[in-house]
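Input: a single structure, listed below in structure tokens.
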Amino acid sequence: MATSTVFVALFIFALIMLVFAPVMTWVERKQSALMQDRIGANRAEIFGFKALGLIHPLADVIKMITKEDTMPAGAHRLVHLISPFIAVTPAMISFAVIPYGGTYEMWGAKFSLVVADLDYGVLYLFAIGSIATYGSMLAGWAGNNNWGMLGSIRVSAQMISYEVALGVTVIGLFMIFGTLRLTDMGVLQQDTFRVFGFMKYLGWVSPDARWVDWITLPMWGIVLQPLPFFMFLTALMAENKRAPFDTPEGESEIVAGYFIEYSGMKFGLYMMGEWVEVVVISGLLTAMFLGGWSLPWLAESDLIAFLSPKFGANIANLIAMILAVHVFIGKVVALIFFQMLIRWSMPRFRYDQVMNLGWKILLPLSLANIFLTAVGILVVQKVTGS
Amino acid sequence: MKLAGLLTPQFWVFWIFSSAAVAGAAGVVGNVRNPINSALSLVVSMLALAGLYVLLEAQFVGLIQVMVYAGAIVVLFLFVIMLLNLRGSGASGAELQPLTKLVGTGLVVLGTLFLVRVLATGRAPWPDVDPSYGTTRAIGEALYSDYVLSVQVAGVLLLAGILAAVVLAKKKVD
Amino acid sequence: MNEHVSPALRWIPLLPLAAAVLSGLWLVFAPRHLPRAAVILLAVGAPIASFAISLSQVFALATSFDSGQMFMTDNLYTWISAGDFHAELSFLLDPLSSVMILVVTGVGSLIHIYSVGYMDDDHRDDRGFQRFFVYLNLFTFAMLMLVLGDNLLVMFVGWEGVGLCSYLLIGFWFLDDANAAAGQKAFVVNRIGDFGFLLGIFLLFWSFADAGAPTVEFREMAANIGLLSEKVVALPSWLSFLPGFPSWGLLTLACLCLFLGACGKSAQIPLYVWLPDAMAGPTPVSALIHAATMVTAGVYMVCRMSFAFSLAPGAEATVAWVGAATALFAATIGLAQTDIKKVLAYSTVSQLGYMFIAAGVAGYSAAVFHLMTHAFFKALLFLGAGSVILGMHHEQDIMKMGGLRTRMPWTSFTFLVGVLAIAGVPGFSGFFSKDEILLAAHEAHDIPGHHTIWLIGLVTAGLTAFYMFRLYYLVFTGESRADHHTREHIHESPGWIVGPLVILAFLSFAGGLVGLPDAYGALVGIPQSNSLHYFLQPVAASPVHEVDAATEFSLAVTTTLVGFAGIALATLLYLVRRDLPAQIAGAIRPLYELVRDKYRIDELYDAVIVKPLVGFSRVVLARGVDQGLIDGLGVNGVASVFRGAADGVLKYAQTGLAQSYMFAMLLGGALLIAWLVGGA
Amino acid sequence: MGDISPFQFQVVAALIFMIGVVGVLIRRNMIVMFMCIELMLNAANLSLVAFSREIGDDQGQILAFMVMVVAAVEVAVGLAIIISLVRNRDTVNIEDASQMKW
């Protein structure tokens, strides 16, 4: 891995993180206001510039940092101190394996738009995700608060439960793509397939029927595995403990759950962790199900091959790279919007409903999906003879 | 030890992770005050071991180590400790006597020497391995071809474990 | 001999098996029994189909017989394969088994049909009807295995199978303890015989293997029998009282073992005691199993092994003498019995003795001939008795019957045909077969005392005629001695029952014609009229006695006269002067009571064998060995040793503290590892 | 891999294993004893993986994987036992659980 590629990747990574996380507070407030026919945050200003309320995140940060940091009596001091960091770090480093673009050669250097192009990328995400449990769980316990304790029992049970569903749901996708590397998935999803291609194999239409070749769909995860997309999204949102899966923190039930004893920036870190995770979820879903950084029906290699004669290979690669990043960010934003829609429109599940959904609905469905996918793969192999 | 050896990242990775693993293990035993502390030490040890696995180019096992041990098993320990509300002293058992500590330490040293004597198989140099060594694909293909029976048995075992846990932990209805 | 394979053979036994399994599984697993019509179709259809196949196969064999085709086989698979030894599960159809399968399936089918009528009124058990036919079909299968088996092992499977079915059917109404006990008695007594049979099989197999031809197949054994003819077995010194000491022919010993098996199955002295008790079963069972087929298995086996018996004169003589003794002995018991089925049972024992006389004097064809005719008329008699029992509402005491001729004309008439046949009235089937046996005995010069045997046979024939007519007169003539209520309801049996009776009556009358002696055939101009004899010749070679017609006729006349004397005496005592029997019985009361009580053989066995055995078991085996040695010293002793050790010493190691165990485990593990590594 | 020899991994494994052993022997808290058992299993796993790498064969990793499966089951069942024990006896002290039944 050339040094320059890491640099570029890290640069974009930092950019996204820095931009997205604070902006999320604004998004949350503005979008909820939109949905509830309010105006939303619009008071904070710098020299009269309100910038649609975009100043508010900055004000929030200042407020949190300057707030008193309390330490409850009887708390486990060390654990209480480190828990917020344990909570936010996994969310941050999850981004390392999510690709924003492919690999581009420009002016003799290789640019790979992913921080760590790991062979076991998705597994890495799951492993990191499982570490995230500690942050929430220890927080509730360390504060020596009964609500916090209830929150932490709930959060540990919920997160362990949904990790199971999380892993099993996407196995069908792994079976189809045959890889855990997210960049490979991105490349594979640039392919298309003929919706009615099977007719040729079965001899229902003549081999030279052109219309069959025209009707194609991109090989996106959501096209191949539509149900797992939604199940995966559900499981991820439950992992993130945001509404409607916010039973561990449920304000009206157990006050604030596991982070009840936190204030100031430590509290802020929990919030930030959740928001970052919203972005991570969107990025992961984009990479796995929504074709990653590419536009549908437009393979990147075709694009570069098309542009190179006109602008030269370097410029073509650069255009492709810029396009890729923008496409990726666009998809992510759309997904964030979608998640916010859910968060602001669904009531909170009851705790037993959360567990039932995980164990009795998602898990059986995903197991059935594995089975069906296997059958489907066998059928396709049989029909196409490959 | 050559100076060059000190400069390789592997050298540092090994020493950092192995001392963390050993220290974590010692923390599990030595933390008398609160079982939660023991559990947290255990996590440190587990994660450090995962690092050592990755150093040994067993990435898959390392990741599974994180997911299973750190992500599930220790969480389960914590969960149970919290559920039983064992905080504070008393429930955690007697304090360790100085003599016990001494004997324990001695036993660790003696036992380690003994085991090292057993495990010393000659210092073969590391062989070169295939790039696919330890990858998910390699392990997965081995598991589902040569060791498929073991996988089946493991599945049955897991099922039995689930049932056993449910039956044991369930409160009596009447 | 050119071999011929006929795959149709397997269906002869398999069809009844299929019916039994199907119906039996249904019985076990289905909540309700099958509808009656289905049971009848399945259970009666299977033996009839078997009979049809048997007919076609026997016909095929008979037509190819003249061209030198002596047998057909059907090999299913290799059952046992060990080294040089192979035992096939295969069936053999040769003249001997042809006769047998026709009897088994033919008479069997008739009895199945009869059973439909007979079991109709059995309301003791909801599923009894179906259960009965399951057993009956299973029996048919086992019997066919027995007679069709190509080697001793397959035969033995059938042999045990019929024993089992016999047990099941004797104790069919097992709710009555007496019936269950009778079934057990039959089974246990049969086991003694089976033990001998097994010993015989082992001995033969071992000897053949020793002689370099390990086989249990009949044809191979027959071909290699010469290998064993000279071998002898040294007897231990404590057996010095035996004739022929110090050594016996190996074949003699083997044949005696086999004959012990035959004694058990065919109810010969000393193992006959089970058969009269076996009358506890339903009457069709008595007819099928304890008259027509199973009890003749011993005779069949001796005929089948005739190649061995004919080389063992000692065994032959034993067979003949045991047969003669049984024939006379059972006939005398039959004189004083009052239970209609008991009379017939002792008559069966007696007639089986007759067959063994024939087999013993090497008159195998005569034995088979009598076996066949006996199957006809004894089945007829039993079925007639069943019809009477049904009409009399399960009354079996002939002293309470009488005058049934007018009420049950068909039964009465067919029963009379059976009685005439068994009494040996000329023209009926029994006459020819009995004559042939007596002729064979008369001419068997190499059997010691063959004239005495002949004489015994003659006397038995007279006795048979006497007690059979006694039975007929007491049951069917005179005034009814039944109580008022029963008398009102006496009725003729339905068509299911009468039909088989009529067919069997015809066979009892005409069945003798297949073995019409040559001398009679010559009278009507048929050369070699004893077709059965010639048919059986290749399998069970009977010595051809060069008898002039005069001798043959004179013997026949003697027999007939004796028979008529018996009939006349019975007529006098039970038809003309009915007061006489009681007077005679009073005059010889001790003797009469002894005979009536069956010579108290059962009591004798009980006192000599059963009681001591039970006492021995109870005192020595149960109390001494089982409770004292095994329980006391073995189980409890070992337990108490360990208990003592645990109580006194080991329990102090069990602190209950898990960590002490772990420490022990650690030490053990360390030592183990040290040993392993140190050893390496 | 620098100057790290396979042997060094085995030393680490042995050390962790012995700490686990001693922990099981000297601690009275059942849950902690249980953690020590996990330590021993992990030490064995490390040894397996190191040997596997030393030989250049993946069998040791497979075995380590299976050990993890067993460990997971063991933890689930063991903790369930501890929960029911605490419910009945209100203690996690191993010395209070010295009877077969009560």
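Letters A, B, C and D mark the chains in the order given here, with residues in each chain numbered from 1 onward.
The rule is short, and it goes like this: a contact is a pair of C-beta atoms (placed from the backbone, for glycine too) under 8 Å apart; a residue touches a chain by one contact, two chains touch by 3 or more.
Fair warning: this is a prediction, and the values are worked out from it, not measured in the lab.
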Per-chain C-alpha mean nearest global C-alpha mean belongs to chain D
Tell me which of B-D and C-D has more C-beta pairs in contact.
-> B-D
Subunit A and subunit D: spacing of chain centres that average the CA atoms, whole Å | 35
Chain centre separation in whole Å, for subunit C relative to subunit A (CA means) | 87
Per the C-alpha centroid definition, the whole-Å distance linking subunit B and subunit D comes out as 7
Return the distance between the CA-based centres of subunit C and subunit D, expressed in whole Å.
-> 72
Hunt down the residues of subunit B that sit against at least two other chains at once, touch-wise.
-> 60, 72, 76, 83, 111
For subunit A, residues contacting two or more additional chains | none
Multi-chain contacts in subunit C: which residues touch at least two other chains?
-> none
Between which chains is there touch?
-> A-B, B-C, B-D, C-D
Hey, which residues of subunit B end up touching subunit C in the complex?
-> 111, 114, 117-118
Can you check the complex and tell me which residues of subunit C touch subunit D?
-> 655-659, 662-663, 666
Residues of subunit B defined as touching subunit D within the complex | 1-2, 4-5, 8, 10-11, 14, 18, 21-22, 25-26, 28-29, 31, 35, 38-39, 42, 45-46, 49, 52-53, 55-58, 60-61, 64-65, 68-69, 72-73, 76-77, 80-81, 83-84, 86, 91-94, 96, 100, 103-105, 107-109, 111-112, 115-116, 119-121, 123-124, 126-129, 133-134, 138-139, 142-143, 147, 150, 154, 157-158, 160-162, 164-169, 171
Touch list for subunit D against partner subunit B, complex | 1-23, 25-29, 31-32, 34-36, 38-39, 42, 45-47, 49-56, 58, 61-62, 64-66, 68-77, 79-84, 86-87, 91-94
Can you check the complex and tell me which residues of subunit D touch subunit C?
-> 21, 24-25, 94-95, 97-100
